[in-house]
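Some structures to go through are shown next.
What follows is a pair of complexes built around subunit A, which joins subunit B in one and subunit C in the other.
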Partner chain A sequence: FFSLLLTSIMAGIGAGYDLYPTTFSPEGRLFQIEYAGKAADASGTAIGVRTVDGVVLGVEKLIRSKMLVKGSEKRIFTVAPHAGMALTGLLADGRQIVNSCRDEAQQYKRFYGQAIPGKMLNQRISSYIQYFTLHDSVRPFGSSVILASYDKSGPGLYMIEPSGVSYGYRAVAIGQEKQVAKTELENLDFTTITSREAVMEIAKIIYKIHDDVKDKEFELELSWVCAESNGKHEHIPEDLLAEANKVGKQNLEADQFGSDEEMEI
Partner chain B sequence: MPQLSDLIGSFVDDKICYDTGYQAPSQPATHTTQPIVTGSSVLGLKYKGGVILAADTLGSYGSLARFRDIRRITTVGKNILVGASGDYSDFQKIQELLEEVVAEDYCLDDGRTHTAKEIHSYLGRVLYGRRNKMDPLWNTLVIAGVENGNSFLGQVDLLGTQFEDDTLATGFGSHIARPLLRNAYNENLTEEEARKIVLDCMRVLFYRDARTIIKIQ
Partner chain C sequence: RRASSAVSSMQGGPDASGGPHTGTTIVAVAYDGGVVLGADSRVSTGAYVSNRASNKITNLCDNVFLCRSGSAAHTEAISDYVRFYTSQHVSETQQQPSVKSVASILYQMSYSNKGLMAAMIVAGYDPASGGKVFGSPIGGTLVEMPWAIEGSGSTYIWSYFDDEYKEGLSREETEELVLRGIAHAMARDGSSGGLIRLVTVDKDGATKRTVQGKDVPLILGDMPEPGTNAATVVW
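Right after this comes the complex of A and B.
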């Protein structure tokens, strides 16, 4: 009873209806799921863009320690040869989602002899994630995922939240700076953008939204699944990654020193 | 007053059971006892810096030369070959398993893929496991690959027997071609020499083995 009292005092809005995902609040909200959403946004931003010939994923990987081996913390995973996933939030939760996604893709291939279409994979993963919002013996995933796929019907980009809700997108951002990233993404022309162009645009956006004051350094991780990669999901080639980093930095410098807009303090 | 037993009495009584479609088996359940569509020999020969495999493209249906352009050697990843003689449908199942191994490697994306030796072990365990369940995959497989410039050549059969050698031949070829390959083998064979030796052996097999055709892979 004491812990319950403590929680009600500290919770504020939640006030007792936020103990289990199986309790609705009087306004009809499920607070645990909303809090899971907050956990999912508590890491570096991830961006996905669907282009005319594929999908590009980019992640702002915040480097938490200088002693980390470069490239050892992956935030983008291949779930099937034709599909990839970018994570935010609690990465351990996210990796579970990746594993179950890989299982789904493998089972579908075993049964139907074909690569699982992106739409179906999205549905299955959404159902899986939503399952964890139905029981008080488990907790919702604290991770949002962006799913990129390339199948017979073309490129597909989906984003699944901890609530299990998912939509298809032309471009999407999740993580810390998702609002800023979304505003930037709205400037892109999705009817003509190619995957190579999208790589550069995402790099520029991530460099722009990165908060130098709050977080020290970051590493850019980019992947694509497109015509150029023969429909296979892979991290972009080394030289393209180097170029993307260069373009991102140059664009940032041009912005800082060249623009007439007021600088944010 | 009508009883429930009156209503159902017409189709349930002591002598008649519900027809669920299940019939007590008159014989015990059986599994693969014979191969149906079969492939003949597969030859393997190591040379300096590589391995060469050869097989004809025939799928025999008993004595009928039924499928005349099937592929009995498959690639696994970038530098491994697996060839099969024996039942072709079982080989197709093995191909699916190998595809899953490759897909898993691709997904993990950790800079390392399965080597030929590992695939050899894997297939050995799969085949041995099936043999112990009295439901074998009726094949003799040849696994070939190159790692760091070293050639690998190994065989696994339907009993789960696993071994490596410098020269291999399965099926009819194990009787006819193996001595020819062994005589011709030396450590410093070039690719052209190896190719010539293997082609000669395939020619002899075409002369002598009734279940071959002229087209080879």
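Right after this comes the complex of A and C.
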């Protein structure tokens, strides 16, 4: 035990209170959950935008190897006909969340004969994720998720972090460049933006925030659940994806050439 | 095969055929903007009417009601459970449930407990789908229909509803339809009788009405008009 204590003292911040999720620090913090949050942000950025007629999800999928088959690594999943989920962080953890989300949606449909409202699904998933922060025998999920839904009360966008805390949003970003993405998202007009427009805006933001130096290439994954998709969650059509990529690239080039005076063309 | 006849129930007396005999007439009809539920009030144990003014229409939540026929014990137990699960659902969702949700909860209970003798009708109103009627006969089927009838008295009024029901009836016309239908059943079925209870559910909530004595429509058929002697009144 003494050697463990020494290690964490050398590590600094936790100073012995960060070994188990079941230990509070003297200031009332649960360090393991905060560290889980850090793990959740250690992957490509995911963005969600709630529009006037639906919700759009976009993910910056960092390509780790040139030998990866295009499209084999999915970061956006359909959890119910009318709901989808985007993941960041430890993807294996995230996929467990997706599975339990699917179960919840199924059970609700079976018992109440109706599609689960987004708000309810969010509550159930948050409770599920929070459960793993209370026990010595399990660890918190190292993954944050964005939940998109479309039900009788309209579009819904929620984000749940490893602590189990969740809120409803008009736009949200998680992952390594979330701060920059959030700043960009604040420029959007949520009272008028349509799903098609949001697809383009998300593409532009992801191209903009992608760090060429640190990470080599990325693949853009986009999905929506909106009036145009008849309330079903699905990946956006191929032609729209191609256009989104084009718009993203063009916008990036325009930015580079347009704004900075010191840049030499 | 039959539950002890000493137990008060809504069943008719021991039946020569040995099959289930649910001594009641219950009806529910949807109209544009709501539903009308109706039931007789007779509970019999053999030839003895143990309760001549019972209430067979139970409230499951503010906007959904249940008509019960079959074993009184079984249907009361089921309705208690459904009311419990429904109120939990309301608590979680923070809104009025849809009629379909409540009917689905009832279906879970009915279908999973095949030994029960319960033939029920769930009916109510929710803003998204309007007035809805779900039949839940013995065995636990759940089927949505524009109108539903159950109980021993219902056998005598299938043709009546086949003929008289139409889409587009008003609230008053639907109430009249239900009232007369139950009166017809009460006239022919020994296990149905007493008063007629009606509940109408629409966007403003539920309105209850009790029709008794001389207000129950008199189904004379080919009988002569009764004189002033009260003994000839059929009710």
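FYI, the second predicted complex is superposed on the first by the 256 of 265 C-alpha atoms of A that agree within 3 Å, B and C clash if a C-alpha of one lies under 4 Å from a C-alpha of the other, contacts with A are read in each partner's own complex, and residues count from 1 in each chain.
The rule we apply is simple: contacts are C-beta pairs under 8 Å (C-beta built on N, C-alpha and C of every residue); 3 or more make two chains touch, one makes a residue touch a chain.
All values derive from a computational prediction rather than experimental measurement.
Once the two complexes are overlaid on the shared chain, A:Ile63 sits clear of subunit B and of subunit C alike.
In the superposition on chain A, A:Ala80 makes contact with subunit B only, not with subunit C. In the superposition on chain A, A:Lys152 makes contact with subunit C only, not with subunit B. In the superposition on chain A, no contact is made by A:Ala15 with either subunit B or subunit C. In the superposition on chain A, A:Gln106 contacts subunit B only, with no contact to subunit C. Among subunit B and subunit C, the chain that touches a larger number of residues in subunit A is B. Applying the stated contact rule after C-alpha superposition, one finds that A:Gln114 touches subunit C and leaves subunit B untouched. When both complexes are overlaid on chain A, the residue A:Leu240 reaches neither subunit B nor subunit C.
In the superposed pair of complexes, A:Gln123 makes contact with subunit C only, with no contact to subunit B. Overlaid on A, the two complexes show subunit B and subunit C touching no common residue of subunit A.
Those residues of subunit C that touch subunit A in the shared complex are 89, 92-93, 97-98, 100-101, 103-105, 107-108, 128. Across the complex, subunit A is touched by residues 96, 99-100, 103-104, 106-109 of subunit B.
Here subunit A touches subunit B in the complex through residues 74, 77-81, 102, 106, 109-110, 232, 234-235, going by the rule given at the top. On the subunit A side of its complex with subunit C, the touching residues are 111-114, 117, 119-120, 123, 152.
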